[in-house]
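Got a structure for you, written out below as structure tokens; questions coming shortly.
The first chain written gets the first letter, and so on, giving A, B, C, D, E and F; residue counts start at 1 in each chain.
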Amino acid sequence: MARPDGRAPNELRPVTLTRNWLRHAEGSTLVEFGDTRVLCAATVEDGVPRWRRGTGEGWVTAEYAMLPRSTDTRGPRESVKGKIGGRTHEISRLVGRSLRAVVDFKAMGEYTITLDCDVLQADGGTRTAAITGAYVALSDAVKYLRKKHNLKNNPLTSSVSAISVGMVQGKARLDLNYLEDSVAQTDMNVVVTGEGQFVEVQGTAEGAPFDRTNLDELLDLAVGGCGQLAEYQKKALAG
Amino acid sequence: MARPDGRAPNELRPVTLTRNWLRHAEGSTLVEFGDTRVLCAATVEDGVPRWRRGTGEGWVTAEYAMLPRSTDTRGPRESVKGKIGGRTHEISRLVGRSLRAVVDFKAMGEYTITLDCDVLQADGGTRTAAITGAYVALSDAVKYLRKKHNLKNNPLTSSVSAISVGMVQGKARLDLNYLEDSVAQTDMNVVVTGEGQFVEVQGTAEGAPFDRTNLDELLDLAVGGCGQLAEYQKKALAG
Amino acid sequence: MARPDGRAPNELRPVTLTRNWLRHAEGSTLVEFGDTRVLCAATVEDGVPRWRRGTGEGWVTAEYAMLPRSTDTRGPRESVKGKIGGRTHEISRLVGRSLRAVVDFKAMGEYTITLDCDVLQADGGTRTAAITGAYVALSDAVKYLRKKHNLKNNPLTSSVSAISVGMVQGKARLDLNYLEDSVAQTDMNVVVTGEGQFVEVQGTAEGAPFDRTNLDELLDLAVGGCGQLAEYQKKALAG
Amino acid sequence: MARPDGRAPNELRPVTLTRNWLRHAEGSTLVEFGDTRVLCAATVEDGVPRWRRGTGEGWVTAEYAMLPRSTDTRGPRESVKGKIGGRTHEISRLVGRSLRAVVDFKAMGEYTITLDCDVLQADGGTRTAAITGAYVALSDAVKYLRKKHNLKNNPLTSSVSAISVGMVQGKARLDLNYLEDSVAQTDMNVVVTGEGQFVEVQGTAEGAPFDRTNLDELLDLAVGGCGQLAEYQKKALAG
Amino acid sequence: MARPDGRAPNELRPVTLTRNWLRHAEGSTLVEFGDTRVLCAATVEDGVPRWRRGTGEGWVTAEYAMLPRSTDTRGPRESVKGKIGGRTHEISRLVGRSLRAVVDFKAMGEYTITLDCDVLQADGGTRTAAITGAYVALSDAVKYLRKKHNLKNNPLTSSVSAISVGMVQGKARLDLNYLEDSVAQTDMNVVVTGEGQFVEVQGTAEGAPFDRTNLDELLDLAVGGCGQLAEYQKKALAG
Amino acid sequence: MARPDGRAPNELRPVTLTRNWLRHAEGSTLVEFGDTRVLCAATVEDGVPRWRRGTGEGWVTAEYAMLPRSTDTRGPRESVKGKIGGRTHEISRLVGRSLRAVVDFKAMGEYTITLDCDVLQADGGTRTAAITGAYVALSDAVKYLRKKHNLKNNPLTSSVSAISVGMVQGKARLDLNYLEDSVAQTDMNVVVTGEGQFVEVQGTAEGAPFDRTNLDELLDLAVGGCGQLAEYQKKALAG
């Protein structure tokens, strides 16, 4: 059973990471996983949230959102509705948590870095693209912060990337696009460090429940995919 | 390294499932996992959400919330703040998704069952207790629905329960209480059907990232724990 | 004309006051007036609202809410609607005002006690049960506060309880349940101190207006009922 | 102890009821109790709220609000804060309930009359002025409705007015202004029909609790005051 | 083509400016342009918004709103809807900006004056009446401020007024009422200082676009109208 | 006095209009005025707002928003704040009104086109770029609509573009960037049709009021600039 775009089961979509897409932000990356396109902007600000003041430690947080017409049919703006939906909340929290897993807050000092991940175009995998691109923007922001405030130690302890995997028509596949995602029986998002360790594993049975064999197959695919993404990130940051 | 309450690593806290705790609801269960206490109420209503009308299929949804003083220090009411927080949104969605995994909506007809899971007292594992208790309330509500509308087939295809597991001081442990949860390096919530298949796997590195060996150990513990919970559910529903 | 549950016109429903129902709260009481069941939790916090700072005086406030399925048909959550309804506001204010009537804020010092009154099951008289139970939780919280901060004088100047009365089919009745409440021509909530003095009298003509004779009869009933509630409170606190 | 404006204990402030203050509304009255000034506008609309449709009966509702600088110090706009406060909710509900007590909804047909009571200037007693003025606006709106839709029977069964009373320095006084209101030990708002019967009695101990003798004295004063207000209403509507 | 109320094309409606309509406000004016009636209240408060603190300069801001039944058909309250509409926002900003154009903030000191402009009755031109009346209330508030804080220099550098003009049936007209406004092809609001200079020009093609000749004609009319309004303001403030 | 980027007073910044930047939208344009970058997406939907149903006429509306880090310092998300600010409201309304000025709604039929204008990067003139780009996206959406529903007549009656002009250091300048905008004494946004007629003129004195000579100079510049923009639009749509 071929994939809709002819990819091999363990093949990523074309990945691009365009650094410094924005002029004002301390770090910014336009990340593309195929047709999925997310603009990640990192903002460095003095100070930390109230509950963290006086600890000498920094903070990293993220906000994820979709433009109304990033999707096939237009969705209402959350600003107009006056409240943020559950999915938006959930992904914002996931992105922040994933990035914090590779930050040494003591080395950072009392600064906050906010990652804004705005989906300009959606074709599946927006949260994993957001994490992958946000890491690159975060790296540039950390570079800026280190230079400006003369930080001795590198606040980044590793890199981090994410990919979706899923069971489609009984087969495990890497990096689902929207078409595949909407028919997947099981859908899993996996966040992995540059060393290949897990930061987050979120698997959901969309149709029938899944067994341990499926789970193992999906995890293998995901670790492989994140390994490739880590290479893309390294190359982009070296550029 | 002993657990704070002296349990074995693979030992659940005392579990109680008190059916029909409420007089008005079509199904209701007060579920306790140790000191965690969640009131689950199932409401059966005619009709389904707009996007599902005319399909002949039913719907199951859930809302999770915590009473302000269920926790150690009082939290502000979300009704007073005028918006629902990200964590509440996330858990409500998880509970609904978990229950829907064992429902045959065609057999159900165009009715909606809403599960309200209100945490009266919190000591870790509130979301897993909510799922486990909500299944029992759902069962009673489905029984009511079948009888009232003379449904031919059982809309429930299996049972479902959930448990938390985590790495604490380098060791895998089942059913963390709040004390353990707050120091766990890795925290995982696993939702499992009565047949031992996965509905949801959500693992998060709170401190250091985790490797495949940890993941496997935690999944083993969780499957074992959910097996015991399925027995508790069966017994409660037989009672 | 007999009452639906066979009570005498001046007879309360069975009353129970279960102290320390919650583990975390500084005071907590599960109060039951027949099938009406309200969980009252008292939280002691340092400091007072901004407008009271520097006065040396404390503050007592209350929040009342109903669980969605405490009632016969499910009501939408106020947190989901994003705003608090008029009835909720009104009762929260009433409970706070009633408790403050028996507090000596000078003796209390700059601490705030918040009473959360959450209706788990509703069968009429939820606001009067809330006041009656909240007083017991408040007493325990005050005891905690006195001990912890070594307060010289007792901040409680009296006890306070509340009961509903109403004209049903032309007759005055004490402690209406939901069935009676929904057909009452006049409905009155009366808050009374342990010394039998009035803190609040709220009478409303639901159908025809009422005259002075009715009013007097209702007040007599209410004062009698609150006398009995004061005894229940005393016994509970002695226990 | 003389009153700040030299009135006798049972004396109202100067009352004016200016009908048709607005050009667009089906009924409107600018009511003044001394310096308290409330603009009451009645709007007649086809149809009734959803829960009342098909009953053949009408509906009357009210909304109360204060202009930001009606008071001594400016209060923030509730529209800007994005939510209505508890006091506003409470008074809106009181005004609506008071007017509905003198309406025969069957005679009215499926129309809704909304009373907007906006406080232009506040000096105590705004809610009682609102009820008293709203009745006059309602009368004009009902007249309009009867004529336009040729209603056979008068939907108004009586008139209704309201006044505040209170214990100030140990003495019962009628129609408190802001100065008196802010020092009153007991504050009571009483709503009375043209026949002298009670629609609503709301007494609150602001300082010390009150006894039955106080209550009786206050009710006597209030009934007397509302009798005078009923005369003012009659005269205004005859004008 | 005669105007509906028989005015000449360059004729204002009757204008009245009633100072000190409110007892509490530091300045207040009831302004009437024909049947349009706006209550303008000026509040003086210590301090300035956070972003202006420590500059030694003052601030002037405005809030515009319409009473629900100021218009022909009742509009829902923005406080009840829980949000302010775009038109309200836009006009509030316009009023504030217009007044700030004639204020010397250095001479004012760190005080804030808030202008509340509440439309009691609407018949076209509410925003221009609001600006014209608010200037008078502001003048009185500034007088109060100068006296109270012994300010050396006058913070007001000029007067300011506003008027609407429009193309109706191909002809330029001054001060449109609602009837004319609703059929105008072009609608323009012009804010002018006492010296006849422009503070704001807002022209909108409601139907067909307009050319430079129309624009010039409308500006001429507006400058003439504002000249007359400046006289009304001077007379009112001299009174 | 040279301009910061060396442009002549009547010179536009480099303009680019990239059509079909998005895959899903029925029309989309990335518009750039120098460093200002706005993504305009047009969505065609069946049906019109409630108040327009049954008229046979279509509707065009717009929503404008800024990404949090489009600006020099990060601004909070309006979705997170839970309400839309006055400036956002105002510009959304301006964009919608400007586009509607060149639409024949009768020729369009009961369809709605929504223009989402999201500012990705801001450097002054975002609202004028939004209008200019949105017209191109609208053209493509109208083309789609005509083809799909076989519309006989072209719903577009002209083109429309917009530009900012301002007095900077006493001189009139075209197309201000952020640096110029922040020091301009007068700031004007002008919306002009392809035929050179005015749709909207919004001039504001930021510092000192302006006179008729300034106004005339600014209008001349704006009409010239919009003439050039109309050429860019024509070329883009021909491409």
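Operating definition for what follows: a residue touches a chain if its C-beta (ideal position, glycine included) is under 8 Å from a C-beta of that chain, and two chains touch if they have at least 3 such contacts.
Which chain is which protein? Per UniProt: A, B, C, D, E, F = Ribonuclease PH.
Just so we're clear, the structure is a prediction, and the values are computed from it rather than from any experiment.
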For subunit E (Ribonuclease PH), the least number of touch steps when starting out from subunit B (Ribonuclease PH): 3
Chains touching both subunit C (Ribonuclease PH) and subunit F (Ribonuclease PH): none
Chain whose mean Cα position lies farthest from subunit C (Ribonuclease PH): F
Centroid distance [mean C-alpha coordinates] between subunit E (Ribonuclease PH) and subunit A (Ribonuclease PH), Å: 50
Distance between chain centroids, defined by C-alpha means - subunit C (Ribonuclease PH), subunit D (Ribonuclease PH) (Å): 28
Distance from the mean Cα position of subunit C (Ribonuclease PH) to that of subunit B (Ribonuclease PH), given in whole angstrom: 33
Sites on subunit C (Ribonuclease PH) at which at least two other chains make contact: 82-84
Residue ranges of subunit F (Ribonuclease PH) touching subunit A (Ribonuclease PH) (in the complex, touch as defined): 22-25, 28, 35, 39, 41, 43, 45, 63, 65, 67-74, 77-84, 88, 114, 116, 118, 120-121, 123
Touching residues on subunit A (Ribonuclease PH), where the partner in the complex is subunit B (Ribonuclease PH): 83-87, 89-90, 92-93, 97, 101, 158, 188, 193, 195, 197-205, 208-212, 215, 219
